[in-house]
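Shown below is the structure under consideration.
Each chain gets a letter, A, B, C and D, in the order it is written, and its residues are counted from 1.
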């Protein structure tokens, strides 16, 4: 049976680890705050007091951490995965980080970058979309593990490719929220029934997941996350850097990045990213 | 049985009129080029030699015309619908035009504005999305007719509201195509497998109808319309004017309007609007 | 001696008419509010009770009015210039209006479009920049009159060309204010001495008239007009329409138009256009 | 007499060092390619075979290098300024680099950041604008040296402030070139006499250094540098990173950065930055 070391048992990592236990894997988890580890133990996993302990016997190590420096520290740092995992251990990094960091890690240890989309709900339900970069053989080896946490699992290219696709994902999501926000404020200003409008917009070529899942809350100006503005702002920083590096021009990406950064600068970093509608309404003198 | 006069038997109007015949309505059609009229007659409708003849006995008149001046001429002009239709005739204008023109017409004649989304395919299949503005009683009276050509038929508000929602629809569609274009060029530049990427993007919060229906052709750089750049450019002109009139700020709308206008200015007005990917690729030095 | 009929004795027109009197012209002025006419009489001009009276004996008629519809009414309307001026009278329209309206007027009456730049101060000092469209012979005939109110008087092309250059002027001015606003907020956020920075920026390739004349007030957040946001917003509407008509792509123009429209939508239409710095500061969470 | 060690004798550094010799300073210069050193010797300076040799006896060390990593290597590297300069030596770094790198250097060695504006011509004539960050006492000590190479020398704040003001300078310059480019293409499309238009635009509130010095070449589509697109693109990267770090929203800055990046991506990195007019013309279908 595959033994999994799982580092990072937060909002996403916690339920993912639980789903792996549920699927029959032997999961040893580590998290900086011990309370999260206890929760995994309750769910049938094992607890570890350090990264070293979590990865010592593991066939597969999964990391689910906030940002690039966290992954670098946990994987490449003194007491990290590279130092303590056995030869041939496969690292699956599910964090959303810079593609160049994923490539660097893949040069040092057998690894896949496997960022996810689908939010807390997708993590709990095990229905995440997972975009995977790395060697085809490693993807094949990881398949059973990934299928236990996601329902759309796709190999998209070499090391770093998963992060690149995740960056594209975050560009489309931010842009679509902003397009829906502009449209809803436009319709409100023209006294159109926005609830009815959402229905008919969702039925045609304008249809998208934001209209399906977020537009109703945006109309009510409810911004409980969900996905926070400050995280999306971080991700758009990755998008811009990666576009710049490759000489790709992204006019809408550049503008929506300014708007997301503005929300954060105005102190709304902890709201759901649907709060872009607040910004459009304010710019239009409608508050 | 409801008698329908149908003006404008082009790419969209032709199959819509045929579907109405199929549904059992008595349809008398008129079009400037007689060949289109002959096609309706073959499908079981009647032909008329003028607007006057088409609308003389009609209970309902449907217009499906290219732009605001066309609708003004056909409805309000000397030999037009207003002059020749009987009292109580209901006009259903399915054209995409300026909301203020729809409101003006509704002040002169009993009318609904009922622009559609779904393209030639939706017109043929009778699965159009139809966004309807006007009086609730008139919407109720028109329901059976509209159900014969569309599968999502929604009353969104007073006269002009249908056009306003259609404007929002065109804003979201143009913006989404551009977001997908920026993402695909970004992925191509990073040597990611774009076919695989589309699959995983479509499965998460980034999912939208453009990824489902247009992205594959955009990757192959196939731009047979579909919906032409020059028409989308016209519609974005309506969006900008209506946003300006209402004091609504649409940053992404403004930028994507520039890009669509650029495609047209460069002589690509007759391509499908998916050609935005060509523009992004060229701006990124990738051709 | 040249007899001048002057219509529109507001903030700009009043001092221009006074300068013409000063230069020895016989000026008969008309304005809707009689108080402005009295002021011209005090300055040595004559007062008229109607457009007809003002233009009856005039060799040259000057109009200085707020917007396109005003000019159309005063020039082409029932009791307007066209109806009452003698044959061969030369109209010099100094208003900032749509180029197509200027061209239409020039098709009906001997006319120059001659919009000005330089503000109230330039009008008082007689140092306006004047951009003139129309026939070269008419420009030559008008030269002495124009030199009495402006110090930079340039013939830029056929009818409408003056308005087109004025549109370009308004695009550059709005864009430059916004660039200076972004730079100042950027410097404030980095705790740089902005007064010192203005000095050094003005000395190099970044030097411009906004740094010279407006940046100090922008730093102090003083927005007494000057030139009002709502008028600049109107002018940017002309810019966008004229760019669209000619298929010219203006990415910065499109974005700064959104920002100026936002200021107006937020109720700041009567502030000086330097208030763009307030908007940038607010977007950056610095208020 | 003040002894100066000068590192980096390129297009800018060469004439600056020559002006210092002219002003009576004892200048020892070093450059990777020896030919540049020979040129300084011809002008009356001394040549050095290494950084160490150039700075050994110096009271003041001036660096004029392409980018942040170059400055880090030359100043902080193994055989660099820090390792070989005497105690109390004052470093004046005239390179345009990241503000955070300037601050880091100022934490290790007595230093001023003193980027310049004015181009090759300004360097030759000794009329550069110099924006200086660092301690007031150090600025006072450096004053005589800086006055020998520049005509506008301003202390703008603490360490890094010079770079921050230079970043703002580059933002305004890029934006102004683009505004002039959009205006010129707009005027060309409307058949206006652009040479005449430049004159009248330069006389009013739209007046700026780009209209004075670059617009004529832009009209002729002459793009011999001057200042290269690829360097301006690098500088706009600094602007964006510094704005992001401080939470400052720069909508025009973001868009013009995309356009400059596009020029570079299309292979025009070695043209003068006035080539933005080519991009606007191409986007407008006018080539």
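To be clear about the criterion, contacts are C-beta pairs under 8 Å (C-beta built on N, C-alpha and C of every residue); 3 or more make two chains touch, one makes a residue touch a chain.
Everything quoted here is computed from the prediction, not taken from an experiment.
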Of A-D and A-B, whichever chain pair has more C-beta contact pairs: A-B
Longest centre-to-centre distance from subunit C, chain (CA-based): A
Rounded Å distance, subunit A centre to subunit D centre (Cα mean): 40
Subunit A-subunit C separation of Cα centroids, rounded to whole Å: 52
Inter-chain centre distance, subunit A versus subunit B - centres from mean C-alpha coordinates, in Å: 37
Multi-partner residues of subunit D (each touching 2 or more other chains): 247-251, 255, 262, 265, 283-286
In the complex with subunit D, residue positions of subunit A that touch it: 237, 240, 244, 247-251, 254-255, 257-258, 261-262, 264-265
Residue numbers on subunit B that touch subunit D, as the complex places them: 251, 255, 262, 265-267, 282-286
Footprint of subunit C on subunit D - complex, ascending: 99, 117-119, 122, 128-131, 151-152, 154-158, 160-161, 164-165, 167-169, 171-173, 175-176, 178-180, 182-187, 189-193, 196-197, 199-201, 203-210, 213, 239, 242-243, 246-253, 255-256, 259, 280, 283-286
